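As written, the chains take the letters A, B and C, and residue 1 is the first residue of each chain.
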Amino acid sequence: MGRVLSIIGSRIIQLVIMVLVLSFITFLLMKLTPGDPIRAILKVDDMVSTTADEERLKKEYGFDQPIFVQYGRWIWGVVQFDLGESIIAKRPVLDMIMSRLPATIALTIGGMVVLFLLSVPLGIVGAVYEGRWPDYLSRWIAMLGASIPSFWLGLLLIYVFSLKLNLLPVMGKGTMAHFILPSITLGVAMAPIYIRLLRERLISTLQSSYIEAAKARGLRKERILLFHALRGSLIPLVTMFGLSIGSLLGGITVIEILFSWPGMGELIVNSVMQRDYPVIQGYILIVGFLVVVSNLLVDLMYLMINPQIKQGKEVG
Amino acid sequence: MSELLISIQDLQIENRLGDKSLLKKVNVEVKKGEIVGLIGESGSGKSLTAKAIMGLLPSNMSLSGQLYYKNANLLTVTSEEHRKLLGNEIGMIFQDYRGSFTPFIKIGKQMVETIRTHYTVSKKEAQNISLQVLDKMGLDSERVYRSYSFQLSGGQVQRVAIAMALALKPAMLICDEITTALDVMSGEKVLDYIDQVRNETGCAVLMITHDLAQAYKRTDRIYVMNQGEIVEEGLPEQIRCHHKHPYTKKLCSCLLSLPEDMSVQRERVNVL
Amino acid sequence: MESTVFSKTSRLLRNPNMSIGVLIATLLTVIVFLGGAIIPHDPFHVDMGNRLQGSSSVHWLGTDQLGRDVFSRLVYGAKLTIGLGMFAIFMAICIGVPIGLVSGYIGGRVDAFFMRIIDGILAFPDFILAIAIAGMLGPSLSNIVIAIVLVRWIVYARVVRGLVLAEKEKDYVLVSKVSHSSSFKTIRVHLLPQVMPDIIAMAAIDVGKVILLISAFSYIGLGAQPPIPEWGAMLNDGRGYFQVVPSLMIYPGLAIMLTVLCCNLLGDGLKSYFDIRKGRDYV
């Protein structure tokens, strides 16, 4: 139990450091680009702007105060679960982000399914046929997958399946059919690392003494592979997934833009275009939170899944 | 003249590049019900011989010579036919008990899995057989059945491995340094259980060890191996007192205490 | 001396992937350096009378929606895309490697403090951090490069520090320390050459990653702005015309993929080469 608490504690410290440093950097950068947020607001309101308007708005949003005061005010809000209000949409930032979260999560799950369907077979083929042509094929697929720009892959898929074959809708969200192309794009973009990781882990697992012992008991090859070797090699994959939630949220952004998928990524890019600072700040905070929570879940899962670690805890 | 189980003739193993010979013209025979010792220092090729029988050599080694189990040529059988022999006809127990069973699957499940691979029995029956043989090995069968291998002591794991052999009743059991990783007491106990299995199933045992005292005490016949070659073969008495090969002599003189051979002991004491 | 250089090179090229990488790299180098000389048209020249043409003897890869020559834009863009990718990583190395060397060499509490902060930032996705920085500074190609440098140097500092910590305890460094060499000299003479191979292999792969990143940013409109012929921006530019002229989509994407593939092949090849040389090979 003490161990669980200490893991949670160190992750909370990580979260606090991350959010403090990052939000301060963005605040500082915002301060370095003078006047802009006000101009952004004025542009949206579409008024004939006067210096008086600018002054009034500066006061209203607190931009006239020193950066530390602004920063302190923002932090104080965060502690009370208040991330401020969007300059453009005039809605609470937290609500805006949360309303986009389900779409992003749905796409993530779709991507994970594709990821699993790609990386497990290719990883197994690479390991089982190590050094022979199926292995080279699987490695080249991984290499090409790592080199292809995800948005270009998405464009090609749209071109072939939507425009030429007319099988799937081009963009937007709604039916299951809308789901297929973005999921494939995301899955392919993520797969290369997992193919490599699984291949390497499986190769080293297949050389371990317990696999030799399983062979010596006369178990069938397929059974050894699926029940004895693969299971041990999947744990690092799950870990990897948990630890790369952050880069997933990054990669998903481009795909959401490409397919007009109404997720968090689309929101943030639009906010950046409109220089909607409170949304950007809030988004960084939420991403940081998601990253740290997923890291924490990986830590805790490790304690539960892996009986050897549990054993270590009992002994240690 | 009893039936020949394992017959190895002129077995050679080289690595794929062919620049290094790992096993040179090895000849070993094991007859039905016999207990044969294969002794030598580490790296002499004992385990390699065992792995050759089990078909566990890495693919970057090439074999030549003859290797028969009963009438089956193990160098030419299909891997599927070979697999059916393993566990069922030829059992093996390893030195590294931590790797004897898959760490994240419960012992019981692995026993049931193995039994059901070789026999068409229901899960329930396989479970009963497992519990029964665990009992016979003096283990707390219910607890061990539900345990993971790392929750057991080394001696216990080795006894589970022996219980596995008892359940499958192989005609031949290869024990590869099974006591090396254990303390002396557990090691002796494990060897006693091996004897029990032999009494019950009449299986032959190929005992690979570097412990000469153990080989003298427990085996019917001994092969001495050095640098990939069998240098001497004979009854334990012959090997100990009438060895011909200089390597065997060296090996025997390393032995600290042999109660029958007081001269050697005295010599050692003087040296000390 | 010459023969050892030759045998080293031939050992590198014996890896087939590596030789494919070198081949692509040679091609790209030629394109980048001879770019201005080989382009048949002005990449910025708008010619509305000749828009959306297929490939012909005049326009080898056709023209875009403004009648600009696609081939010329691709070749011109190569200098930009590849140059910026290499520049960003070069800057990241210039900042990250010295900090990593010093932090690892000094060690102690300062080191621990900085690493704690770095770990905190590193857990944060670089893509989103770059989005945020670009968002604060405003969308433009140079701001994206700044954002990437700001994020990437941390990775190098971290890797170098790890390598230094491992090397530091080895005899030759201790000897150098004891023999009253200055810290600066110890770092420069002994530690830097040890970490460089890893850094070079890592940098090769990273240049590919950065090219992907820059083109992705340009594609979503946060990077290069029109009419700059950065490859990602070209894809964004021609977005509305793919159905009519698919070549507008195919060639820039292919160019990005080939370049990144080249980086990955070179990086992998160098890594396994250095690993073998350092005796880290597991085979």
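Rule of thumb we're sticking to: a residue touches a chain if its C-beta (ideal position, glycine included) is under 8 Å from a C-beta of that chain, and two chains touch if they have at least 3 such contacts.
Predicted, not measured: the structure shown is a model, and the values here were computed from it.
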| query | Could you name the chain whose CA centroid falls nearest to the centroid of all protein CA atoms? | reply | A
| Two chains sharing the most contacts, counting C-beta pairs only | A-C
| If you average the Cα atoms per chain, which one ends up farthest from chain C? | B
| How many angstrom lie between the CA centroids of chain A and chain B, rounded to a whole number? | 52
| query | Counting in whole Å, what is the centre-to-centre distance of chain B and chain C, each centre being its mean C-alpha position? | reply | 56
| Averaged-CA centre spacing for the pair chain C and chain A, given as whole angstrom | 22
| said: List the residues on chain A that touch chain B in their complex, please. | reply: 208-221, 223, 227-228, 231-232, 306-308, 311
| message | Quick check on the complex: what are the chain A residues that touch chain C? | response | 14, 17-18, 21-22, 25-26, 29-30, 32-33, 36, 143-144, 146-152, 155-156, 159, 163, 246-251, 253-254, 257-258, 268-269, 271-273, 275, 277, 280, 283-284, 287-288, 291-292, 295
| Contact set on chain C toward chain A in their complex | 17, 116-117, 119-121, 123-129, 131-139, 208, 212, 215-216, 219-222, 232, 235, 242-243, 246, 249, 252-253, 256-258, 260-261, 263-265, 268
| said: Taking the touch rule as given, give the residues of chain B at its contact with chain A in the complex, in rising order. | reply: 54-56, 79, 83-88, 91-92, 94, 96, 98-105, 110, 113-114, 117-118, 148, 150-151, 164
